[in-house]
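Single-structure report; data block below.
Chain naming follows the written order as A, B and C, and within any one chain the residues start at number 1.
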Amino acid sequence: MQTNKLLVPAVAAGLGILLAAPAVVFPLFLIQLLCLALFASALNLVLGYAGLLSLGHAAFFGGSAYVTAHAAKAWGLPFELAVLLGVAFATLLGLAFGALGIRRHGIYFAMVTLALAQMIYFLAVQMPFTGGEDGIQAVPRGKLLGLVDLSDTTTMYYVVLVIVVAALILVWRVVHSPFGHVLAAIRENEARAVSLGLNVERCKLIAFVISAALSGLAGSLKVIAFQLASLNNVSWHLSGEVVLMTLIGGVGTFFGPIVGAAFLVSLEHFLATSGLPIAAIIGAIFMACVMVFRRGFVGEFLHRRKD
Amino acid sequence: MTDSRERRLELKGLHSWYGESHVLHGTTLHVNRGEVVTILGRNGAGKTTTMRTIMGIVRKRKGEARLDGHDLIATPPHKVAGLGLGYVPEERGIFSSLNVAENLTLPPVVKSGGMGLDDIYELFPNLEGRDKTVGTRLSGGEQQMLAMARILRTGADFILLDEPTEGLAPVIVDEIAKALVKLKALGLTIILVEQNLKFATASADRHYVMDQGQVVDEFTNERLVSDMARINAHLGV
Amino acid sequence: MPDIFGMPVAVLLGQVLLGLINGSFYALLSLGLAIIFGMLNVINFAHGAFYMFGAFVTWMVMSWLGLSYWPALVVVPIVVGAFGAAIERLFLKRLYQVDHLYSLLFTFGLALVMEGLFRHVFGSAGKPYPVPQELTGVLKLGFMFLPVYRGWVIIAALLVCVATWLVIEKTRLGAYLRAATENPSLVQAFGINVPLMLTITYGFCVGLAGFAGVLAAPIYQVSPGMGSNLIIIVFAVVVIGGMGSIGGAILTGLSLGVIEGLTKTFYPSASSIVIFIVMVIVLMLRPAGLFGREA
């Protein structure tokens, strides 16, 4: 209960900070942070709540980014439609990946998703519309509902903020719905869930597809804001990073992925100009986290409060 | 009750845990050289756990456990066999990726005086000529014989035998009972966990009864046979 | 010579042979992954990084110590294997008690660190490594000219794979390994030092990856990214083959190399994804993999 008492003021303070932030921080940096926070929260839905480690989530994020970029640039679709198309693509891709992989447990699932995502990566390298190494550049931002011009980055930021907060509320609702409780039951004891007559595979698949759709949304928003779809968005490095964000923030906690994304995005931002090997530092954080900090920031916080 | 023969195994106030669950609650018992001692009790009383704790398979443990004066608690699990302890687990532990010959020769020889293959085939004729058969293709009784045979080959002189007759046909149980008598005659020290009282009383010297992780009663074989009512009360038959 | 599907048989055979070279690397790496997984229940994501490490150490001992190819072929796998054994002792060992996902994530981090450090120090560009003098030149096979070195790679990889398979299936040490894969605590109770065996197994398999790295150095450019490009394909190979069988891992690796080679001939633009397509098909028809035992 104590946690709940804290929750409302904490969330209110967080939102307040996000609303005021563009005055002091680059809006693009904030957009990056928001998109990755949504991405990590989406991953957490499968990793933390359904107990599935996906090492291929970049395929949804990046796949959706490419589709949105192409729709906005080559077909001239408006912002909303381009984003929706990207999300639809990610959803279908999630359905395909999930249907193929869901029957394999634990680490097998991780390998299957990783390999499938790599296939998407190679397609992105080769397909004519993706632009190979160059990616899709100068993606137009367009207007929201034909009214609000998004070319101003601060405006773009507030639009992204609204959409991301709405998506996070959706995640919250999913986790706290009866469906979310079924997921928790499956994660706790899969055999028992099966014996209770739950269709475990279908539940996992639904969670996976929702997660893929939200990852796609994150990717689409980012590509519109940054006006660039590139191979980085579909690479296995990104799939790994988003797992790290979730892990370091706290797997299976609602706020963990958001905190983790904020931490990692800020760290990368800070390191970008330092001349240090970023990938190696991220890898080292990964190793340290796995060895001694498996609960993550938020998980550790909640654990201490419970004591 | 205690006789003057040489103590081999001594457990005093032994506790052990599987993860968070506390299974042995201060088990105390002893076994002398050349004795066959059974541990009786209901399911979940801690009989198998006692064996697994002695072998060091259950690592989380406290209290005193000595074999021939060696502190078992301080012995790393892979050094326990070297003290002469041989373990025949309840599930028999025959390896499906090994054939019969490989299963038989898997445990390293720990002491001289172990049985040769000829002795083993004399004791368990069923195993002869089956070398290339996949271990788990043997019948349940044959798997039990193989599990015992591979330990006898190593020269272990203190055998932990967990429910050797479980699920076996009466003919096979008789064969294993005969083998047990022979092993006793060879001077081996044996702890036997057993549900089948007829089998248990055929070769045992003494019996311990366990309940809720503790030894709650002790009988000589003669007493047990003459006072079945008391043991039945323990076992809830 | 006649044609098959409009391709001269000679060209086809040539592609098969070239495919076997890639397949040799797949086999060496997936073999190690399969053994590590069987014994330690660890998906060793860093396997590709160890392969890259092997290639780099080969290049370093040549550039810095003047050590030629042949001694490197012996020394490098030992160095890489010892490094792997140290990683197992210091870190992985502590993760056996927790969810297996953590050891996968740990090795993922390790791969990032290794790749990142090498990129930082040596840059992304490849370093050339000369083909050893004894193995220069080409073999005239009638249907193609095969560089001697590439033939050597196939033979060496096959020999090492078959030797490893024999050790595991036919020797006493192999029996310990197989038994410990099934029931480590019982094997330990028989008096075998299982933790030590795990360390040695991990070290050995990582050494195999290092060996593959030495073989690769004269063929491919020695570069920091060479491992991660390969390892994900090898994961697909492992999913296709299933984790149950050592022999299966070798066979799957080789045949997928050949399939990839043939795809290069008939439909070049699909050659980088053909293995993943095979994986998708296998997952649909036989989710446990071709040789897998997991239900």
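The rule we apply is simple: contacts are C-beta pairs under 8 Å (C-beta built on N, C-alpha and C of every residue); 3 or more make two chains touch, one makes a residue touch a chain.
Treat the numbers as computed from the prediction; the structure is a model and nothing was measured.
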item: Required steps from subunit A to subunit B (each step between touching chains, minimum); value: 2
item: Taking each chain's C-alpha mean as its centre, the one farthest from subunit A; value: B
item: Chain ID, smallest distance between chain and overall C-alpha centroids; value: C
item: Between the pairs B-C and A-C, the one where more C-beta pairs touch; value: A-C
item: Distance between chain centroids, defined by C-alpha means - subunit A, subunit B (Å); value: 55
item: Geometric centre distance via CA averages, subunit C-subunit B, whole Å; value: 44
item: Rounded Å distance, subunit A centre to subunit C centre (Cα mean); value: 32
item: Per-residue multi-chain contacts in subunit C, two or more chains; value: none
item: Interfacial residue positions of subunit C with respect to subunit B in the complex; value: 172, 175-176, 178-179, 181-183, 185-195
item: Parts of subunit C lying in touch with subunit A, wherever the complex brings them together; value: 37, 43, 91, 94-95, 98-106, 108-117, 119-120, 228, 232-233, 235-236, 238-239, 243, 269, 272-273, 276-277, 279-280, 283-284, 287, 294
item: Residue ranges of subunit B touching subunit C (in the complex, touch as defined); value: 55-57, 77-82, 87, 89, 93, 95-98, 102, 105-108, 110, 154
item: Parts of subunit A lying in touch with subunit C, wherever the complex brings them together; value: 53, 55, 100-101, 103-108, 110-112, 114-116, 118-119, 122-123, 125-126, 236-237, 240, 243-244, 247, 276-287, 289-291, 294
